[in-house]
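Before any comments, here is the structure.
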Amino acid sequence: MVIKNGKATGVKIAYVGGGSRGWAWGLMSDLAAEESMNGTVCLYDIDFQAAKDNETIGNKIKETEGVKSVWEYVACPTLEEALTGADFVVISILPGTFDEMQSDVHTPEKYGIYQSVGDTTGPGGIVRALRTVPMFVTIAEAIRSYCPDAWVINYTNPMTLCVRTLYEVFPQIKAFGCCHEVFGTQKLLTEALEDIAGIKDVKRNEIKTNVLGVNHFTWLDSATYNNQDIFPIYAEFAEKYAKTGFAKTDNNWMNSHFACNHRVKFDLFRRYGLIAAAGDRHLAEFCPGNWYLQNPDVAHSWGYGLTPVSWRKEELLQRRARSARLVSGEEKFKLNETGEEGVQQMRALLGLTTLVTNVNMPNFGQQEGLPYGAVVETNAVFSGDSVTPIMAGGLPAEVLSLVSRVSNNQETIIEGIFCKDKDLILDAFLNDPLVTCSMEDAKKLYQEMVENTKKYLEGWEL
Amino acid sequence: MVIKNGKATGVKIAYVGGGSRGWAWGLMSDLAAEESMNGTVCLYDIDFQAAKDNETIGNKIKETEGVKSVWEYVACPTLEEALTGADFVVISILPGTFDEMQSDVHTPEKYGIYQSVGDTTGPGGIVRALRTVPMFVTIAEAIRSYCPDAWVINYTNPMTLCVRTLYEVFPQIKAFGCCHEVFGTQKLLTEALEDIAGIKDVKRNEIKTNVLGVNHFTWLDSATYNNQDIFPIYAEFAEKYAKTGFAKTDNNWMNSHFACNHRVKFDLFRRYGLIAAAGDRHLAEFCPGNWYLQNPDVAHSWGYGLTPVSWRKEELLQRRARSARLVSGEEKFKLNETGEEGVQQMRALLGLTTLVTNVNMPNFGQQEGLPYGAVVETNAVFSGDSVTPIMAGGLPAEVLSLVSRVSNNQETIIEGIFCKDKDLILDAFLNDPLVTCSMEDAKKLYQEMVENTKKYLEGWEL
Amino acid sequence: MVIKNGKATGVKIAYVGGGSRGWAWGLMSDLAAEESMNGTVCLYDIDFQAAKDNETIGNKIKETEGVKSVWEYVACPTLEEALTGADFVVISILPGTFDEMQSDVHTPEKYGIYQSVGDTTGPGGIVRALRTVPMFVTIAEAIRSYCPDAWVINYTNPMTLCVRTLYEVFPQIKAFGCCHEVFGTQKLLTEALEDIAGIKDVKRNEIKTNVLGVNHFTWLDSATYNNQDIFPIYAEFAEKYAKTGFAKTDNNWMNSHFACNHRVKFDLFRRYGLIAAAGDRHLAEFCPGNWYLQNPDVAHSWGYGLTPVSWRKEELLQRRARSARLVSGEEKFKLNETGEEGVQQMRALLGLTTLVTNVNMPNFGQQEGLPYGAVVETNAVFSGDSVTPIMAGGLPAEVLSLVSRVSNNQETIIEGIFCKDKDLILDAFLNDPLVTCSMEDAKKLYQEMVENTKKYLEGWEL
Amino acid sequence: MVIKNGKATGVKIAYVGGGSRGWAWGLMSDLAAEESMNGTVCLYDIDFQAAKDNETIGNKIKETEGVKSVWEYVACPTLEEALTGADFVVISILPGTFDEMQSDVHTPEKYGIYQSVGDTTGPGGIVRALRTVPMFVTIAEAIRSYCPDAWVINYTNPMTLCVRTLYEVFPQIKAFGCCHEVFGTQKLLTEALEDIAGIKDVKRNEIKTNVLGVNHFTWLDSATYNNQDIFPIYAEFAEKYAKTGFAKTDNNWMNSHFACNHRVKFDLFRRYGLIAAAGDRHLAEFCPGNWYLQNPDVAHSWGYGLTPVSWRKEELLQRRARSARLVSGEEKFKLNETGEEGVQQMRALLGLTTLVTNVNMPNFGQQEGLPYGAVVETNAVFSGDSVTPIMAGGLPAEVLSLVSRVSNNQETIIEGIFCKDKDLILDAFLNDPLVTCSMEDAKKLYQEMVENTKKYLEGWEL
């Protein structure tokens, strides 16, 4: 790679999970739209054909109108080939299949436990971690061997535990995790600015926020537009829509499995005075189960739905079909700004700009009150070859009480998986906020869910 | 007061709640049995007649056989008179009456929430705190005014919040809280030594333990007899009695409202590898409500009962009757070693001995992972005019997850009461481990319980 | 003030020390060159005529060619008038006169103690603090009264103690201190890039550095240009010029009282592997006196001189004369980019941009190993209405040993001045690295220097 | 080993440096006087004959009058034999010979640097550490191999670096360092009690103190007798003897190389309000060289002398002669209470008693403001199989400034020795408070001193 006159040429990006039919296409689009970098993207996937298909799709992009830089895409059959020489590693994988996710999300329903997402926390998040962490061990070891100086960007859930694993295996790793949930909340703040104060056309990244907590259970204790404090505006907004929720007609939760009416967020604000900064489907899963997820009706009354895995399976078929069309040329690739920041982060790490944004990284002291070393989500400065956390301060006790429970559970899970100690993970399972059934039932549920994912648990005593 | 040749004469003790018909008599007994101190005990109580009765009872003790020192008892009509010139202040009060406690303990049952004690945590403990903290504000202000250099020993529940209040009002106060629950656990360890290892006649204070956590949710991560590690013995003991529980025939929970079969303790040990160091009735209340307190049957199945307030009322009548007999002389006072350490702590503070024992004090760093300034229970050294915490280390993440939730809730409650902010306290109430009903019901319950204690909440917006 | 379309109009800046004939003119120039802001600058000075003169000078600037915004300058007779309604407060004062500074710098020479600057540390810096801190108490109190929400930028030395005073008096103050010494070092790094690696035309703010330590004794433990690590280049540079020093012909220390040949910096790098980030004249004063300041010859041998106060007096006369010419119009004001960042910091605080730069602020945890609350110099993010420190990490023990001595001395000095405790300040004086004479002589020296500044020490027992 | 009825039989103590002709005899005496333990002492020494001689001397003790327990002494030719099966390890060695110590202490005098002891800090202490640390590496490795569960008591200087080495090599080691300097200060406090307050016959261990700092530069911020604060008494005492010093006729520094008149201690108290808790000969060496050690006359004027190594050599001859007499039986061994606490510490570790005393251990948080992991001297509780530090709090900034410089230098030295990095150690050498000569001379001095000890520096680049 050479950097000259504000341009980086010959950048090498390794994409782990490069057969992805969502994130990968987004990255392709963002890369093509960025004129200050070019190079090669090495696609690695356990489904090599999927990587091959993306190679084909990626290499066609240069013909698309509006492309500002040319990237070569290469499917690589091994991690070693993909990683060797990489400047950046992007990790975006699906740990297991939707069959296991079906168990993660729906088995708990037998015991009256409902999950709106089921990939980050709760019974589903915990068991998903059992599958995912060992994969991240493999990836971290490969990075240590083949590209120890590369910057590593993770998009995979459960985010906190994935990033935590990378650092546990290879403490010198230069890794962080990215998630767009805070961006979504910043978008909501622009809508509040318009709705309450009549301030229009503000872009989400013009909203400056201080970020605390852990991924998907993230909190803002300050937010400004220019030098204006948004909190009083948001307070009015939350009050106005406390009962009805706030939804754009094109993005109603009844039509979209990813949408919500923000009633959970408004309720949390009215109680805590802080802005919870994730979609309500995520937030609800981190709160005690009797709050927002007692049953599907309660969830609906709060303005969001539970995403069934059957829908995910259905939607995957559509993406596969689209992939085939893109490979064959039947459908043309279109450049779409994703709103993700990965490419801008890379530019900053190359020293081409400076960027302040939220990331998931180990707590080196930036977040008071949460365990040192646990992965937290706070702001950081991206600059030449560095990502440095910004002092985030602490959460008030009433919120810290919720978040420290989660963070310590996550530490327990990690230790349990690294020790292959099923009982230690049960400690976290029983203390998960969503596990509200009797202790006896909870133990049965855990046993059944572990059973359903056991093929990923080599070497465990189950 | 004069200290000479290892004896302290003219010691002045102020007893707040000096009309007590339990703790006060115990202190009288322990003082009479200690030859190295004498002096005056000033009894203050909002029920002045009760204090007067104890004055009469106390002053008769000198005639009892076996008395080793003579103490004068004086009922004082005001805090000022009782405190002025005091070397020590003992606080042991009942905040409100058993009528309010009836609401604290039994109102939640309407919503399926059961409490085994209801004076420390859970809905009952929180609402009890609403009444108690303002009383402790008054006491702390009086101590600051009338005897700022006195050592203050608290026995009142909710222990953590009472001690926290003393320091919040008067940060230079020399105060700590004492509780015998750890002693009870040390007693259990002597029983394990006998039952498993055949080691007999060990006294509970020959068992050395490291203490962590908060009052009534206290944990031991080491325990030795001589230089022998007791953990392997306790492990065997917990396994042996995991299902049946361990109970002496004279102390079965079915016969005694304060007893338990230790099954909760054994279960926690088998899960966490740490010895929970309080009675099971207390421990159960700090755990998620679906573990050990789902309903009375579940509690009974774990080998303990729920103490009804009706029993407390009944038992109070008996104590009143006994008081009348002691005052009239119909019954003679008998010296009984209480097993409490208050008198030995006083001796150590006078420099007559050195004592290492567990106390409740603000966290100055002795307990890793819990908030700085929150009240924690750890060991401390008592020496001439000093109580110095010993480094306790930290709890493993799986236990810290439980305890930090509690400790942060306690910090929230304290802030809420000091600000008379009913909504802030609701934050803690909704996040209490026992509050497992729907959020809507929980809010109704809170409103009703607060209503029932509102005469103690002067100046609040309710 | 109104912010619209990326422009802030009606900004009010209060300038304390607004009669300044250096910094004030620089600010005028930088403001005039910035098109995105306009408004009013209120000039307050104990020398009202000087402020009046600057009012005249400032108001003429709008006629200068190249001006991009118009600012109104108003001399204010009281702090209250200057501060009321201010959005920003700039503090740049001379505490006392050059007569007192003459004593600060040259009295110690009688005892063999030499100072190259004498305004930050050493005997001179300490005694200067005696005069300065009370002035900052007055300023902080006025800010608290008249513009508590304003952002406060300090340029006055001793920087650390000035900023520390602001926060001690008014803990909620939004203040920070700015110093260009790190910028100078970044400039040197661009010269190293050219000299060693042939990389030309790099601007100093394209060099990204991590900053640690305290003002004027500041350290870099990383430095990049693009994503290139500059340390190996600087290592070669320091080696190459270790003996000769590195000096541009137009900026030789023999010709300029502010210049140096960087030999001290190179020596420190070769010993510690860190880049000391201030002029050598400053660095030398923080090191043990026997290292670089044993006597003037030793200083010269290290490539820098001692700035005599006589020169400062002389130079002041020239600035006064220039002021007269500017007031009369005999000389035209010219726009000169100062290289200072004050105006860009203001823009960022108004939300018009985001800026990462080094500032002096209390240690909230951003700098490991130095006292919490002490003022440290590290990077911070400037964003809408916020300056948030970035985690700086810690210094290696061999450097921390030097810096913590200094920082703790500074804490001692602050406490001593706030308590008017001459003896406590003597503790810091005797432990100052430059005080190498016998203890007896040091006490005499201290007494004499305090005597010489006593008219500023109202209410002290001297 | 068996513990029964409060007695431990079959205790095995390994004594490293068991040929010692001072400490070893003291331990023999203390063991013989303690009735609650008996067993075997294994003597290991690189001078095997010296160990053999002590075996002979030790085994004769049982014939001495007043002996309360019988110990068997065995000289062991290897560390392995001595350590295997040990319950306790005592380390008391002379690192190198008095020839090297001659260089340590007297070479610096060529450059005007005087040392009163020269074995802990200053140029002499640093170079002594070069010899000692590798020996402690060997010992720690042997303990890890042969008796990892043994408790290890170190008496060797430089204390801090010796204990630090043990933990660096074997982090799970159960080790601490003991020093009687605090005891000596407690003795002085009893003398103050008598001299000022007329309170007689107080024993030094009846004085309760809070201990902070590092070995030989240790500070008391509280001291009580019974519950009486000794500070006001000591203040009067320090004032009374500030000029003359305080000396018992039988212990004048002019007659004894270990005595002092406490003028340094009094001076430090008058400045800092804290009681420095070591002999003045030690204290002076940790202060800037221009304070108390500018030259021998200054030292004498402060009431203490510089101990020449020639005297140590002379005194060793006398001890050798006494050893011969004891071996031959010409002289009878007499039981003498040493005042050391080693034996009582062992009893406490066996669970036979509880003891609170000062020890040297890594900073786990007990000492605020000093580096985590650095060895500090604070109080600890000795109990069954545990030594737990007591929270010591922090030093005021004016003292912390002195002590943190020392502690960080010690951390630098350790890192330097473990890395065999001569230049890193030079960093600490140049920043040592006693190194007041020019930097150039200091480098020469360091080179020369290292040269004189180079035979102990295998594998170094010198």
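Think of it as A, B, C and D in the order they're written, each chain with its own count starting at 1.
Everything below uses one rule, namely that a contact is a pair of C-beta atoms (placed from the backbone, for glycine too) under 8 Å apart; a residue touches a chain by one contact, two chains touch by 3 or more.
A quick note: this is a predicted structure, and the numbers were derived from the prediction, not measured.
**Q** Applying the touch definition from the top, give me the chains sitting in contact with each of subunit A and subunit C.
**A** Chains touching both subunit A and subunit C: none.
**Q** Could you put a whole-Å number on the gap between the CA centroids of subunit A and subunit D?
**A** Here subunit A and subunit D have centroids separated by 56 Å.
**Q** Where the CA atoms of subunit B average out and where those of subunit D average out, how many Å apart are those spots?
**A** 43
**Q** Mind pulling the residue numbers of subunit A that touch at least two other chains?
**A** none
**Q** If I apply the definition of touch given earlier, which pairs of chains qualify?
**A** Taking the chains two at a time, the touching pairs are A-B, A-C, B-D, C-D.
**Q** For subunit B, which residues count as touching subunit D in their complex?
**A** My answer: residues 3, 8, 206, 208, 210, 222, 224-229, 349-352, 354, 356, 364-366, 368, 379, 381, 383-386, 388-391, 393.
**Q** Can you list the residues on subunit B that touch subunit A in the complex?
**A** By the definition above, subunit B touches subunit A via 271-272, 288, 290-292, 294, 298, 369, 371, 396-398, 400-402, 404-405, 408-409, 411-412, 415, 423-424, 426-428, 430-431, 435-439, 442.
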